[in-house]
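Think of it as A, B, C, D, E and F in the order they're written, each chain with its own count starting at 1.
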């Protein structure tokens, strides 16, 4: 077991989650490589081999577009997330990086104070070292539930 | 002595004299109304969308759906024939089918193993004759008479509709020729499923259907839409309202007239556009060959067929109470699609669904209304854009399709 | 004008002409019915199980329980006498006791420190005479008249029952001789508590009680049961239904007749059995010396006493609304048990409770019914296995005990 | 035939003959009563506290508040004038303002971009004249007539109150001279906000207001209070009840009479005190120069102004249903405070709020009542401390202020 | 503090949770030694010294029996869990293994999409090295609540 | 990345959470230095620069006072917490200690069995080595929500 790598990937996950939970959306795309892929889907779609995602991006540029839309175009009530991310399970340790599977829970807190268990699932990640920095070459968010309460604005 | 609301409500429940241009807010917050709708609309002479034929791929398959809040099962029997029936056992009323979908040659209720064929006919009663000559059911007892209520099913271009009512007209007649042809326009080839998801809407089911039929909000609530000029009311387009009022189509052509009405009107939605860093998101092909880039079609009470450029989806609603509704999305392409077309549909799916650039707001807006009007039961909503018309029109700055919804609703509710 | 459900409901609320072989589904989804049941059944002339005497180990102890949805306190005073009363303060109505159980010489309401003895008598009113001659309560005021309602208590072999009603017959008479003797059969020695847990059932309380009394489902819903031949309808056994109809016993002998009716009937439950890798799970002793391996006993409205081989438990229900009910389990042995017997009971406890091999389904099945029948209020459930009988029988392929439940229910509800 | 609760309820809904010394428990569990209160009390001739002026710091600012369950907006326009109106759009009824607070020159509904000035006047209807001569709204249509209901606002020493009713007397008259002067006593300088938080109370809103007005419970429920002798009923103090009955003040002086009534009464609250390791928590200054260490003031229906030594707060209630209520706290000091005073207020804030040494119990006690009385709808609460008086008094061992609440309540509810 | 051991036990917990959450029930017994003990009980029973469990197994064979019953005999609606397991607190480091106390939350996701906070509690584990592989010689699941919603089919 | 320190701080968090969840309130003040500061506030107050807290203590003595009040004076129904604390994100590693930001969720379990997602938020901690033992010189609990259900008795 490669403790160094294990903790590096965990640290990436923690910083990723903190950035979102602290509303640092502008920093979000930088957790991905330039051509990083990001997809949010459901376990049901994933297991049935259906390709549809709720969010599907194939580059850091597409992630930046989404952030700008969330900031300037879309209408949604003020809300924040609280991610709790389990320690990653490294499923393969490749030369330039690692495959990691990581369970998570996300609580959503509305401006009214209402707190709900908004999402649960796992990340299927491909983490690479991008000139020394650990980044996601691919992050697939597989939600346990097919059901989203109201809407999904802030990324998971 | 203290005068009770019940009595007062019974009095106040009259439709306003203005007719279809006003909607009373008690319709969204009275629990008796909710129960009435289940009986008079969803279990009444209307056609509800149940699923895509493609969701029942082969013989001996089934899937769950609903008629309003009522759970139903849709099956395809060994001969490929489709059937629909209430998901309720003839015996003590257990759900007959628990899984969302699956394959089976017959259906066995888990509670006491009564069995049914895929048409919903009761075929077996465990120990009907008793055991070792004891117990069992008396010969005169006809549990078959209490079987799950059967649905009339009709399909149109791969869409499966069902009704409990013998009084409902044939589906094509219910839809009318124009709606039917608009459905056929989209459903032009065998369906290939791309996937699905659902949303819980914090509102009454009617508020979401009004949102769908509300061609007025599109470019005002969805500012991604306007900012990126994906669609502007100034673009050529129009609406179709069925004679019943209950069904509608809204469409627009892909090209932009470049009008400046927004800037002139100086409204929030008009903030100057910025470009996308990754414009390929919107790259589309005119697959229907008519230049129409957006077509939203609804069938009373709760079906939506959507074409947003090359992103195609059906939606159906499941009322879960006075102020909660589930919205079920199924996205699809065609078996004739090549890889590029599939990738295009998946990319453009960023526009729709709970996280969609031009649809996420529709998950929330009906809830904004629900929360504001519950304490205004005796006040009225104003639905007068485009006057009192409930007719088709070649522009979309109108609420004609919303009024159409209420025209159909009042007829069925006897209001 | 729009006809309201309220009015319609009042009309439709008639019991079907078929009598006890049919049960109308509105009984599970009408909130007025729920309120009526609380008043007419749980606060009416019935005996509710409250707790085991062993749960009040010594003098000056108390524990919380309930009479339907009504919170109550059961105490054992310094002389060892048991008392029961409503968990509501005479003053402003606060809960008197907050902890599930504990020890105390008197009970002091936290809100204004009014005090009570363990019989539920108001013994102290803080500042009743005021302070420094000011304030306080006028002499004519008799807060004692508003004290918590007291329960009549009776115990049978360590089981504590209570009622609010003076009209309830003595417990033994309420139960009838046969039910009482079946209780004594199990409660044969001083109880040693082994532990407990609860389940939240997503259904009306009546659906769970019907499940308990439903001897027909046992071997069909619980396929572990049949697969491992722990019990088969083909085994010798039978049911007892009390004259009132409200109470029942279902029993079977441990030996298996080896009948093949299941395979013949070819039902789901009949899949060929496989052996356990660790059969010691089921290793049991005939502790009651009568060969009965399974005895399920219920007392109207909501008590269950269960012997599954050597695993013993009492269960009680706490209605928490129209479609939610808490099921409270307490498992026990006897002070005379040796270590092996205790280990045996704990091992066999794998059969019962929320994770029990032969009981987990009972937590879910009533909910399957609840979800399916809410949209069928005017349809009827069929309860005709074994005909219309509500009598004891030497076979279990009958719904006589379920009909018995409705016989008792209708009498109390005046339906 | 089965007699329905509805009918029975209508009969039983009579106030008990004893008058204000008894309160029927159905008031806390009948959903029709809840709806009636919204109309007759909160949207009726009462003044509800909305916010502090300091919460609208500058021109062109707004914040959300509520009138009972009804969402409202309070604004300060460019001239600094305050306005209040329903948070509901004239068009289809969406919430107009989504954020809790913010700055804006005008308000634009997100749904269809209708715009309003900060007085709540409809100033713009998107595409009112249609687009390119098509669609739009007919000239005779007056959506302005359906605008959000406007509130009458009045402020007193920085507190903003509002009402929907023209029949409500001027605020000072509504309060009466003594209540008004007691408000001015605390609000003696411009407010500096220190922060806020909310609690969800598991009870009907009335149970919390009764708790606030209940001067009898203070030293009995809150034993930190008594143990640390921060306040004892034996300290000099008293209550003020307004003529209407609806408003009250409870106050006590900081000095302790050292009375031993508690020990004599030998009640739970009297356990011998122990010292604080860090007594600086309680170190206070007599900032109002009158020796009053504690003043709790309430205004009907749901406002509380609190001075606990140097810890100052306003509270307001938002009913969220029959048995759930939100309690909103805002704590403040004055712009004239020096650092030590601010630190003092923050330290003493340990006494209040959801974690407050002398207030945490108030979040739970109303819920203890709610849970116990729901199954006792036809029984009565006893409110007879201090007899039947609803008058001011120089001692606090009385429930006069609680009776006063019911006096005002009955008048408005027509009971 | 023995970082190696700490992370080994954490890794065991993560793999254990993932196996259950991924519906790999057949792999579940192998996280235990041949005579491994598994018990699910409530904090109330545990603290009152009452021995009753909801599930009680004293060998891997009994765990395999339960898996087979869940697969072939018992009836329950399709559902999945999402475990979030805290880092373990090693309370004793014995020669052949360690005693660990670990907090956890479990969300349950029904096939309908409904997500609820299903269980919370702690694991009291005895972890041993079973020819090189870390396994549970004993795992006691102590639930904070005495209340189970509907039923407990999938193990915790 | 200082693995040793990272795990030390995580271990402190885990022991802190376990002590509270196991109702070892008397041990709680000892996780702080003698003049340790503890404050519970809301993200809303924190972000608006408003100083108000729900709980505010500036010494171990004040924490001991709160424990004694909770034990002897205050009235609240029996309840317990279950903390799940994310790995800490060390934001600064100072000579004598570290600044850590740590996300958390807290479930509350009432004696009735009712379990709710009671609180979510982050800890902003200043951890120091207090003669060899890691302790909190300051712990600020920043709740994501402004809303507390019923009351806040047990510390977070």
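Convention: a contact is a pair of C-beta atoms (placed from the backbone, for glycine too) under 8 Å apart; a residue touches a chain by one contact, two chains touch by 3 or more.
Keep in mind it's a predicted model, so treat the numbers as computed, not measured.
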item: Contact-graph separation of subunit D and subunit E, given in steps at minimum; value: 2
item: Path length in steps (a step moves to a chain that is touched) from subunit A to subunit F; value: 1
item: Other chains in touch with both subunit B and subunit F; value: A, C, D, E
item: Most distant chain from subunit E by Cα centroid; value: D
item: Relative to subunit A, chain with the most remote C-alpha centre; value: C
item: Comparison of C-E and A-D (more C-beta pairs in contact); value: C-E
item: Averaged-CA centre spacing for the pair subunit F and subunit E, given as whole angstrom; value: 27
item: Separation of subunit C from subunit D, taking each centre as the mean of its C-alpha atoms, in whole Å; value: 43
item: Between subunit B and subunit A, distance of the C-alpha-averaged centres to the nearest whole Å; value: 31
item: Junction residues of subunit E - those touching two or more other chains; value: 3, 75, 77, 84, 87, 105, 112-113, 117, 146-147
item: For subunit C, residues that touch 2 or more chains besides their own; value: 6, 98, 110, 198, 221, 361
item: Pairs of chains satisfying the touch condition; value: A-B, A-D, A-E, A-F, B-C, B-D, B-E, C-D, C-E, C-F, D-F, E-F
item: Touching residues (chain side subunit C, partner subunit D) in the complex; value: 6, 10, 13-14, 32, 35-36, 38, 43, 68-71, 86-96, 98, 108, 110-113, 115, 124, 126-127, 130-132, 134-138, 141, 143, 146, 149, 413-415
item: Residues of subunit C that touch subunit B when the two form their complex; value: 1-6, 21, 25, 210, 216-217, 220-221, 233-234, 259, 261, 265, 267-269, 361, 365, 368-369, 371-376, 379-388, 393-398
item: Subunit A residues touching subunit D - in the complex, by the definition given at the top; value: 75, 77-78, 111-113
item: Subunit D to subunit F touching residues, read off their complex; value: 193-202, 221, 223-224, 227, 271, 274, 276-278, 281, 326, 331, 342, 346-347, 349-350, 353-355, 357, 360-361, 363-364, 367
item: Subunit A-touching residues of subunit E, taken from the complex the two chains share; value: 3-4, 7-8, 10-11, 14-15, 17-18, 21, 80, 82-85, 87, 105, 107, 109, 112-117
